[in-house]
């Protein structure tokens, strides 16, 4: 399998088969919270893609060159989450200053991402051995981060698109908002079960 | 400038205190955790092949030779096989006899889907491995026909494959390393380890 | 007075799962059985109380710019300590709970409460808030888990409650079932609230 | 450092296993701290202090229930784009109160606003129907089908989206199916304004009582045929011409009041041929009265009076015809001798 073939199979796996939200149960808070409006969902999605890619790169470097050589793997959670929090805050400040327009559409989502378990999830996943015992190298870690982010954005947008319409539907008052959103998420997860076990 | 130092040093201090605490806790919990793990592994081995003493052989595949406590005769081998299942790695400990026929297996670690994949830990599933030879370790979904194959768990084919294929691959390796040194059993452990290492 | 108020608000009025809708990931992932739910709930409560105490103590010396990094370090440390000590001293409990402990780091409730409450209140109230929120979380988790375990496995706390003839609805144990169960539970909560 | 002092004696034999990680993670923390400090300095941006105050007032759960991305996003959208302040579910009434206080500090210079309908139609008896709509009971969906079930495609369709949106219970529906806003309960949060698909609700200062009860842009004969109450604005422009302060403009057959200019005199309501403009203070305003001994008979008041209610000869004391006076107070300010009082 060439580079492109590998990339394709990774993309399909990250976006459809092992989707972070619907298959791994990660990143649910923003998935349910920021899916009321399509444009907020889009902003959030872009922010997540960006942070996931960056976090994959940084965490990989820190793990490989700071933790592994000294046998400090037990500190990985601490080091990773610290890196992610600092990274998110840094990115937020940079965008706020350099591109107010981008900050307006993206920046407000950034603090929310620190508590997005999908980011920590992808960082840990990147260093977890694969089925054949090997690990991703730097390039594949970054790509995996990026594609997982795309997968997250994909379902977030789908969810937001449906929820916007759901707002207009006549339903019992107690079902409005979060309850109907959760049931919708359940149905989406059910649909994604169709991809499970798919082999490429 | 003052702010620079202040922020840097505060974060530095927090990280240092946190890490020191963690490292300290780790330094005295680590040996205990390892001891517990070893004991658990030993218990599991004893459960698979009772009344034996075990001798560890490290190499491409680490395995234990089980000898009868009194006669010192080789009863079989135990090893741990691991493969990624549906929700993460599935670790299976297996015991085979001298002819590499499975005596019994035990799924010791898994994070599979509750109600489906977790059924792999139940005797109902693991018992079907008893007496199977290398060739019979094929999941029925992959073309095997029971009773000469492993019947997949309902809704957890991937977990079944992870267990069966891991055990199969490990038996393959085990056979290779044992046959490489046919006298392994008779030789002392140091030589055996050397042989395997080769 | 306010201690009691902070303690009880987390259980119903500001229930972290049903009302604030935080910490969804562990809620859905660990509510497959009541045993898991109780374990996760207790572990999270412990970390929540610890981090609340600590953060309300250090709130005045942490500059705003590095507040979040400092808080996550504190939380991650507590989680790792709990994980390691449990593995070393109570291995049996760790075996059943160990899986969920690392998950607590990413439980948004902890950072959420640190930011929203401990950051602004004194130690005593923060303890109350931590206990209350933790109990509310555990309670909600157990309710979800009760439904899922009974329907999906026919058991409750590993005790058989439905007859053998009952064919378990496996779907409730899987991801979609988790979402749908929680969705209906939340609707029920809304309905009860409206009636009041 | 303190940590090292405390823990060193405890773990002398495992020194390297402790010191090494402490140094590595400490360095990591130092680097991150410095980078963040650097970023804070270099990328410092001035933020509206109200935003920070609101962030502090919000629960900080970042739950997204408001539809915004997190509490900070909500806070800035309240300040910058007039987002309703009552969307925070976890914060509840307490948060709304606090935010209202924060926003009120700067808004105190302005008077309180209340929501007002700009349509007189909408009830069971007050609407002319185009067809019988049998769908989801929501204005939003009703207006999507053939431009709405009512004949007037600018008017109220009557499915009460505004009432559903109001969390303060300020909108009630009477047995006629007409909506009424309780001025005392209305907080001008704007939820109803956003909910109305026909944009019939506007926030109007509490001190103004004159409202143009129509949003129709239809031309004259048609407007009246469409309107359920037959009181449409036909865009005749009479009000605009009569307005003493040029607060009314007619655009696209529809008159609109600029409340920044409006003096709440109610004159427009008296001249409107279709009675489309309502004046809830009509008849309740104070009437002008001229103090005869102060009046020098300059006639300025008589000239300025929009209803010709003041009469009198030059250099003679003037008098106000109380029946004609509408209480617009126009004359009061113009009198050079301050001889006119409102009583």
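We just call them A, B, C and D in the order they show up, numbering each chain from 1.
Here is the rule we go by: contacts are C-beta pairs under 8 Å (C-beta built on N, C-alpha and C of every residue); 3 or more make two chains touch, one makes a residue touch a chain.
Being a predicted model, the structure only gives us computed values, none of them experimental.
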| item | value |
| --- | --- |
| Chain pair with more C-beta contacts, A-B versus B-C | B-C |
| Centroid distance [mean C-alpha coordinates] between chain B and chain A, Å | 32 |
| Separation of mean Cα positions, chain D and chain C [Å, integer] | 42 |
| Cα-centroid distance, chain A relative to chain C, in whole angstrom | 22 |
| Chain B: positions in contact with at least two other chains | 3, 6-7, 10-11, 14-15, 18-19, 21-22, 26 |
| For chain C, residues contacting two or more additional chains | 21-22, 65-66, 69, 73, 76-77, 80, 84, 108, 112, 174 |
| Residues within chain D bordering two or more other chains | 21, 24-25, 28-29, 32-33, 36-37, 40, 62-63, 65 |
| Graph class of chain-chain contacts, one of line, ring, star, complete, other | complete |
| Residues of chain A defined as touching chain B within the complex | 74-75, 78, 82, 129-131, 197 |
| Residues of chain B that touch chain D when the two form their complex | 3-24, 26-27 |
| Chain A - residues contacting chain D, complex | 29-30, 32-34, 36-37, 40, 43-44, 62, 66-67, 70, 72, 75, 78-79, 82-83, 86, 89-90, 93-94, 96-98, 100, 108-109, 111-112, 115, 168-170, 177-178 |
| Residues on chain B engaged by chain A in the complex (per definition of touch) | 15, 18-19, 22, 26, 83-84, 86, 89, 157-158 |
| Residue ranges of chain C touching chain B (in the complex, touch as defined) | 32-33, 36, 61-63, 65-66, 69-70, 73-74, 76-77, 80-81, 84-85, 87-89, 91, 99, 152-153, 168, 170, 173-174 |
